[in-house]
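In the two assemblies presented below, subunit A is common to both, partnered first by subunit B and then by subunit C.
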Partner chain A sequence: MSGISVIATSTLVLGGLYLLMAAGLTLIWSTLRVFNFGHGALLMFGAYLTWTLLNTTGLPLIVSLAGAVVAMAALGAVYEFLLVSPFIKRPNGDMLVMVATLAATMLLQSGAQLIWGPELKQLPPFGGARVDVAGSVVQGTQLVTIVLAPLLVGLLALVLRRSSIGLTVRALEQNREHAQLLGIPPRRVYLFVVMVAVGFATVAGALLGSMQFMSPAMGSDPLLRAFVVLAFGGAGSLAGTIAGAYAIGLLEAVTTYYFGLSWSPVLVFLAMIVIMLVKPEGLLHTRVRSA
Partner chain B sequence: MAKFGTWAGWPAYAIVLAVLPLVVTDPHGRLLLILITMYGVLALSWNLTLGFAGIFNFAQIGFFGIGAYTTGILVTRTGVEPWLALPVSGVSAVLASLVAFLPVLRLRGIYVGLATYVFSQLCIYLVLGQAGLTGGSNGIVGIPRLSLGDMSLRADGRIGYYFLGAALLFAVTLLVRVLTRSTLGRSLLAIRDNEALATSRGISRVRQHLIVFMIGAAVAGVAGSFNAFLNGVVSTDIFGFGYLTLLLSMIFLGGSGSVYGPIAGAVVVTVVSDALQDAGPWRDVVIATLILVVLWTAPKGLAGLARSAVTALRERRGRADRPPSASEPITHVKELS
Partner chain C sequence: MSDLLTVENLTAGYGQAGVLRGISLRVGENEAVGLLGPNGHGKTTLLRCVSNLHRPTSGTITFAGRSTAGRSPRDLVRSGLIHVPQGSRLFPQLTVEEALRLSAASSGHAGSWRDSLDRVYSVFPRLKERRRQLTGTLSGGERQMASLGMGLMAQPTLLILDEPTLGLSPKVKHELSECIVRVRAEVSSIILVDGDMELVLDLTDRYHVVLHGDVVDSGASDDERSRDEMMSLFLGGAADERH
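== the complex of A and B ==
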């Protein structure tokens, strides 16, 4: 019995983390038509920034996180301005953006090493609430992750559906030229999208940094899982991403439980490759992928 | 004889490669030269898929590592003749490339990038998982050095390794040059620039991409083997982010899609990276900034700069006998406003 509840808990925690990562990537992908390789490094930077705010100002953890989200969103604007918009219109622009964001990863990782040094750091747990579920205890950051991730992404879905900025985002997603004809300025929408995505990554980073030690390379594993989520759910659809994130979380929890930590990623990636071969448009998506 | 001009550079290239170690005699400089040849080979082979074919191939680092691990396992576990490990590593990288190619069958563009990147990362987990064979996180140590008769390639400041690397570099440069001018090379450009038209003219995208993928993988596998013999150790670092970004910066600094650009990129990035060896994280900061500056200011890289410089020179020479017309009015307007 406890096996099932352990798997269920880690499915919800991992799924939540991957959801926060992948939702941002999907949003960027569907509107800008580029792929942000630097998303993992942004997650890491957000986590470290939260740590700094917490330790220098003495503010509560949740306030520090909010401050980090705002600061990182500003960094996201710079990121869009320097790394995405100069290349997006060029021929072969998606490859240039990919390389530019890889360079940004390098810059952010070595920057973090210079700023925060090599010693291990960790954020304190988010709150002390605990819940007993069928014999296993869920508490602190895990509980917050389980609740917060779907809440934030649900909020995003609501904004995309109801608000005027959400409408323009969806219009650009569906038909860039026509949206521009209607007078929607793509640059402003791009900026909004990247800032939201970076904010989400920061939340994921702080949650992760509270569950394990932080390191400059801490973002690369979540980034890889987010790739798998996109492959699974079909990049460009938020519903597919939500389902994909929890499916990959479940797959990882089950394989870790039964095969151990070193085999779980292999099995997860194999699943991704098989899906890409059998159903390249994503299991839950019908649009054909041609980028 | 009209083709004489196009081929005259090759003997000169060979002579430069042969004379370089006589000019650079200190061990550190020699090692740098060897690294340049190895990175040059890798960057050239990667540019075949990334630049010419336009495939978002991030598996090249995986092929490089698989070549290195094949050599490591072969020579330490089976006692096979070390020289034989060089071509065998190329073959095993080609076999791996067949697996990595699977996603290219049905995916396009950026999705290929995701799948092939995951492939290289998968290699790390497989190596760690098969610790009995690969040494896990300790890697493989004690790989015997290559020797020719009684002479170790390490002797005299590793001069043997340099000539092996230089020979590989020369051969691969020639291969890339011939390949890009061949029907295969032209069809790759056609697929990259207009796939629908190319396919309608009877070019099979899958077939042409598979061929270039395998050629690139074979070269990378041999380069990996070379790296294993040069260092004497193989570890999972070889699949890592460091090599990936270093090589990408060489290709894009030199000019992706140009034949010789990646060699120039390999020279510049290797020298810069060596000069900053002791600078710790600053080295990555400088290299990353270098990539970004090149992407911003010269998207075609050094090769593009060189080409436009040559064109500008020719234009100026051509214009010398007639009065300059185009540039004058522009400065005039500027003065007015």
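== the complex of A and C ==
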């Protein structure tokens, strides 16, 4: 198996996972102006919930995942109701919300530990399809990740671009006060955005939980990587996020291949520090003239 | 003439700083009311209270027979109270037509947005030329036109215009004031705030002068009263402020 195809596969798989995480975070950032620290824990919770649905109902994996997405979106609504709206309108509300989401992480992680216990769990592979690419085989969950992640995020981009709720979301992103004066209800937009973001995190969680063992802390790494993606692509731009996710995936794949698994995170975060020093608004961020 | 909007004994401020000090005024149906006065004396705060972007400390606001207390900006928009804010940078990444459609949809008039669009384009032919352009790339005058056009798209009964000609060159200002005359014909009642006193008096039926958060002078806009006198009132007020 050639190095190139290993790196390419791993770039697309990692990039896809980070994309599912970071797209939700970007959406929340651009409308609420808040970084959701709870996103990793929500990913984990979604993975466990998929596992429970799979094992208690006997439904196929993909149906269990769909059920988990719906249930997690509902949990997302509760999350918004309890952690976001009580704080967001207060002075320094964004800080309060971020601390609240950090607290939610602890709660969800301990909750998962209590509900599902410490034994290792893993989801089965998503299907048995396999593709032969330049001598290496890509199959199962990896293949699904490579296809599904850009598909879902592309769909999201389309909804934001074309639908009336998308127009509302973009308006609120660009000018919150004027949006309110037009009669746009910020609460409903926040609710929509958080529910969609949590749904995406759930998909990422199930894919990850099928590729490796699940644990209550399984969301921490993807969360940190998604943070780097936002730093890279410029939080708030979906196009930047897409490019950022695959760029970080590539960086991680290359460094893992050449320097080993333990050096890869070091180099990824080194890259982030350099980006933040050189171009803090994100490498791909371009400012639209607004004055 | 029955009142569309009444404001009674309104006080409001930011933190410890009081801005409005028991201000009262009313706007009748089919009436255009102008607010005059130097910057920093509470005109914008008053308007923000009326559309519930800012919560007053005390006093009452009644619109179309109902108190506005505790109602969301959305609720007020849907009952016909439309506020075109001061110096909005609009929605830089939306096209002119998207912004206009958005205003119709979010005020509950999604069904009739095409008719409203035709009306707005007849009032502002320039917006029709620019309809595919991002609002972030418009000139200052065009941005104001888009802002006013968005106001019209919401089918207002009371249209609040806060400093529509702020920062515009005299030529563009002239063009815009002609547009405002056409806007006036489209809506029942208007509150107009602008730094250009002549413009406000030309376009309104009555005026109020706001100083230190209260109305200090009122009258009919076509009164032969000396405009110099009013100007000295402003300058006096501004001079007080410096002490």
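By our rule, the second predicted complex is superposed on the first by the 285 of 291 C-alpha atoms of A that agree within 3 Å, B and C clash if a C-alpha of one lies under 4 Å from a C-alpha of the other, contacts with A are read in each partner's own complex, and residues count from 1 in each chain.
Keep in mind that, in the parts below, a contact is a pair of C-beta atoms (placed from the backbone, for glycine too) under 8 Å apart; a residue touches a chain by one contact, two chains touch by 3 or more.
Computed from a prediction, not measured in an experiment: that's the story for all the values here.
Of the two partner chains placed by the overlay, only subunit B lies in contact with A:Leu277; subunit C stays clear of it. Of the two partner chains, subunit B is the only one that A:Pro86 touches; subunit C does not reach it.
When both complexes are overlaid on chain A, the residue A:Pro185 reaches subunit C alone and has no touch with subunit B. With both structures placed on the common chain, the touch criterion links A:Leu224 to subunit B but leaves subunit C unconnected. Touched residues of subunit A, counted separately for subunit B and subunit C, are more numerous for B.
In the superposition on chain A, A:Ser262 makes contact with subunit B only, while subunit C stays out of contact range. When the two complexes are overlaid on their common chain A, residue A:Thr168 makes contact with subunit C while staying clear of subunit B.
Contact with subunit C, but none with subunit B, is seen for A:Glu177 once the two complexes are overlaid on the shared chain.
With both structures placed on the common chain, the touch criterion links A:Met106 to subunit B but leaves subunit C unconnected. Comparing the two interfaces of subunit A, the one with subunit B and the one with subunit C have residues 289-291 in common.
The residues of subunit A lying in touch with subunit B in their complex are 29, 34-35, 82-83, 86-87, 90, 92, 94-96, 98-100, 102-107, 109-111, 113-114, 217, 220, 224, 227-228, 230-231, 235, 262-263, 265-266, 269-270, 272-273, 276-277, 280, 289-291. The residues of subunit C lying in touch with subunit A in their complex are 51, 53, 72-74, 77-78, 82-85, 88-94, 98-99, 101-103, 105-108, 110, 134, 136-137, 150, 154.
Subunit A meets subunit C in the complex at residues 164, 167-168, 170-171, 174-175, 177-185, 288-291. Only residues 50, 54, 56, 102-103, 105-111, 113-115, 117-119, 121-122, 125-126, 128-129, 241, 244-245, 248-249, 252, 280-285, 287-289, 291-292, 295-296, 299 of subunit B touch subunit A when the two sit together in their complex.
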